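The same chain A turns up in both complexes below, where it pairs with chain B and then with chain C.
And now, the complex of A and B:
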């Protein structure tokens, strides 16, 4: 599952292929890993997890262990689905397809590695390995004027977060003498460690005081890669908190986390309303949505949070792909310059509608289920509930703004949308509706946690 | 035995005007097959690489390189302090002559280096003399308590390694010398200094705190200076100083294995970086990174080598310097302040490596670069070594 994308990346880097072959190879390898992941599911349901072990640094007792449990396999599904769609999308979108695909494949395998890790250093290993391809893709394929500086900013933020995490991991290791997630607990660990880890993950998620990199990076990156960054990479932060802080250290959430979550939800939403650039709007909405994930974590609902990571990855990447298509067809990304696309591009309108409805969290979309799970777990704190609901209203508002400004109003002149841009989006939309109709499939699987 | 052999070859190759390079290389290759310790193996390997990428070296260059390697290997196989010193000086003398070229800037750099280096040498001799006077022995097992001897030793080796505050020669020499010489300096000579320091350090009963503090100051100064450099040779020179400080930190914290691992990993990565970037600088005729936008992008092997070596130097997994930096971190985590400073330095260095890599890889360059077959083979070999030792650090760790 892990090695397939790496192999594909190596193959693509050195071979001379045509565009079509590159696309087929990259998507094909993603589909192959997806089948491997699917084949794990029955075993996971039966025995709780799949475990593989290879020696890595034997003298310190670090193994290269891969563990698949319900939580990780569902996140892997999201990663592979979204990246497959993004690679397919980039077939008609990116000019320099080869380098782009290599970067994306390495990025994907690093993320899969993070999800399957069983010890702290392996986790960190993949966590940092994610940064390099992302950095180069933003710097090399970015769609704005300041892509170089944005990439450096992205790198600095990511590196600070990662080094904070590394520092605390090493600290924990010297105290506890083991790096395995399963053997660790809070006994004897200084209180600063979880705080540092939490801050590290929050930087990745773009939670409020650490969000500064996110709107720039996500709006400068090319659309298919924004889909990966915004849909998947920030979700990794949430996954990290669930895996390390909730499942390993078993920490109770504190009021600070709840406050940060609520503030982030509102802040992201309000900032999103003020944007006229569709990609920046979506980037701020990602901040807001990560607030929802953190809210799920703050109310100790690991499944709710994980479910929201899952659904958010699907609909946010769908929306970024839609934004990419809009930019492709209408040639603009500010809302003043586009409008009336519902009559011009009806097919795009359908998938974008699915995405925006999901963003708003309306039934029958999958995100409705995850948001309900999070709100349900919140308990009876009236103020918090009120704030959370108002964040929901703000989300509804900017969703409607987006819908009206892009798809209604005075029609603009557009280019025809190629089928290869539309099909991957339709695939994601289909999955979103399917998961929305049968949410138990995923939420049950996620409940099987190690 | 090995150092004597190398010196012999060096002497001989002065007389064989033709094909010296090939003779030298064959001898080096034979030596590689002999049983060497890991560090010696790495130094000989880098010597071989240097001779391979050298574009038509003069015969004396080849023999000087062999001299230098002989001295380096000798330092590592010495059994008492004085032998170590003699071999080290031999390597240094070879390095003075390697730097000599008739150009004003180069002579200036050489003079600066020569001046500082001879002061360092006299400090080392002083230190050895004090140890001998005190303990009556020159074996590594002698235990000295004299703080003066220790301070002289630090100052002496500090100059040779280029640790702050003895670093004034490093950037000047690295930016004026030709690339193979720079590779020898950064990957072999300074590392021999570090290894020699590592061997001598246990002789002194106290002073690890001095070494740690010096290392922390040195790495911070070096990394901050590197941040504002526009010339990649100078940038990599400062980054070498920073990495030598990491090694000193490990030595000061008593983590010899971590230090050795870092020496090996850094030698390989920095030589790959210098070779890749040196090729670019040579084809473009400049080492100013503002003029090198997208320079590596047109050649896949070069691009890969530059990315892999620079991110390895930045200490980002899955590349090998991550593992050795992790080991160093393990050895200093007992004091969060030291570990924090070290982490902060890793952050600083990450920024300039990433920036350098971005400038080299991204952007439309007008010129298409072609590599000769040797260059391509050397770069591929180095990249393969870097990636495999990064993924499987046990390959190296089992031999330290």
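And now, the complex of A and C:
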């Protein structure tokens, strides 16, 4: 799972392939990796986890260990599905396909590494490895005039978060003498440690007030990479909180986390309503949706939060790919310059409708299930519930604004959408509906946490 | 709020770095304005300041430590004023 994307990146970097072969190699290796992940599922369901260990730094007692449990394999499914769709989409979208595919494959491998890590330093290594290709892709392939500045901003903000995490990990290591997640607990660990880790992960998630980097990075990045940033990378922050703070340190959430979650949900939603640029609207919507994930964490619902990370990764990637298709066909990204696409691009309308209904959290979409799981775990606090439902109403409002302004109204002149741009979106839409109809196949697997 | 402030980490200990790091990142945002609209800049700066300090004060109210509330409100006012002044001179973001 981890090495196959790296092998594909190396192959593409050193060999001279045509566009079609590049696309086949990159998507083929992702499918192979997905097959390995699927093969892990029966073992995980039977024995709880799959564990592999290799010597790494024997002087410090570090091994290179990889662990697959129900939570990690579900997140790996999301990573590979979305990255496969994004790479497929890039075939007709990116001019410099080879360099772009190499960067994306390294980024994907780093994310899989984060999810499978079993000790703090390995986790941090992959965490850093995730930032570097992302920086180069935003700087080199960005779609706006501010791409250089945005890439630096992204790099600076990500590193502030990463350094907080590294500082905390080293602090824990000096106290406990081990870096293994399974051997760690809070006994003897200062309370400041989990707080700094929490802040570090919140920066990655774009939780208010650490969100400033997100709207710029996600709107300036090329559409297929925005799908990965917004769909997957921010979710890694949520995964980090679940893995490190909830499962390893077993910390109960506090009121501040709930306040931050509710504020982020509302803030992201309100800011999304004020946008006319479709990618920027989706970026603010990501902030709001990460508020839902944090709400699940604040309500002690690890499965609900993980399920929302999974569903959000699918529908937000789908919507960013739709935004890329709109930009490709209509040549514009602001809603004033787009309209009536339901009649001009009916196939795109169908998949975008699935994405927008998922964003709104309506049945039978997968996000309906994850949101219900989170709301159910909240309990009977009237004020918190009212604020959470208000955020849901705001989401409904900006979802409808997006639908009306892009797909209805006066039709604009468009060019034909290639099948290569539409098929990956159709795949994601299909998975969203399938998981919405049969949510148990993912939620049950997620419950098998080591 | 439904989740009681129990366990190893008290509310104030989360709220403090959230306020400090949140304020610093908000200021850092001025350095990299990029595509940010005037509305986003102003809302981001003032909204963030008010919200982070509100988060801090709300922890005090919920944990019934109201004896230090006046001091905190003063801190909030000074904090917002400071960021306001820095914003004008450094970023030119506030109208």
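The definition used in the following text is that the second predicted complex is superposed on the first by the 450 of 450 C-alpha atoms of A that agree within 3 Å, B and C clash if a C-alpha of one lies under 4 Å from a C-alpha of the other, contacts with A are read in each partner's own complex, and residues count from 1 in each chain.
Convention: contacts are C-beta pairs under 8 Å (C-beta built on N, C-alpha and C of every residue); 3 or more make two chains touch, one makes a residue touch a chain.
Computed from a prediction, not measured in an experiment: that's the story for all the values here.
Once both complexes are superposed on chain A, the partners chain B and chain C fit side by side without clashing. Taking the Cα centre of chain A as vertex, the centres of chain B and chain C in the superposed model span 80°, given to the nearest 10. Applying the stated contact rule after C-alpha superposition, one finds that A:160 touches each of chain B and chain C. Using the contact criterion defined above for the overlaid structures, shared-chain residue A:173 touches chain B, although it does not reach chain C.
In the superposed pair of complexes, A:236 makes contact with neither chain B nor chain C. Of the two partner chains placed around the shared chain by superposition, chain B and chain C are both touched by A:152.
Look at A:378: by the touch rule set out above, it reaches chain C but stays clear of chain B.
When both complexes are overlaid on chain A, the residue A:259 reaches chain C alone and has no touch with chain B. In the overlay built on the shared chain, the residue A:134 is in contact with neither chain B nor chain C. Once the two complexes are laid over each other on the shared chain, residue contacts for A:78 go to neither chain B nor chain C. In the superposed three-chain model, the partner touching more residues of chain A is C, compared with the other of chain B and chain C.
In the superposition on chain A, A:209 makes contact with chain C only, while chain B stays out of contact range.
Here's the short version: in the overlay, chain B gets within 13 Å of chain C at its closest Cα pair. Under the contact criterion defined above, the residues of chain A that touch both chain B in one complex and chain C in the other are 152, 156, 160. Residues of chain A touching chain C in their complex: 144, 146, 149-150, 152-153, 156-157, 160, 164, 186, 191-192, 194-196, 198-199, 202-203, 208-210, 212-213, 215-216, 219-220, 251-260, 263, 267, 271, 274, 280, 298-300, 378-381, 383-384. Residues 13-14, 55-60, 121, 124-126, 128-129, 131-132, 135-136, 139-140, 148, 151-152, 155-156, 159-160, 163, 166-167, 170-171, 173-174 of chain A are the ones that touch chain B when the two sit in their complex.
Put simply, chain C touches chain A in their complex at residues 1-11, 13-15, 17-18, 21-23, 25-26, 28-29, 32, 34-36, 39-40, 43-44, 47-48, 51-52, 55, 58-59, 62.
Residues 300, 304, 307, 311, 316-318, 322-323, 326, 329-330, 333-334, 336, 339-340, 343, 346-347, 350-351, 354-355, 357-358, 361-362, 392-394, 397 of chain B are the ones that touch chain A when the two sit in their complex.
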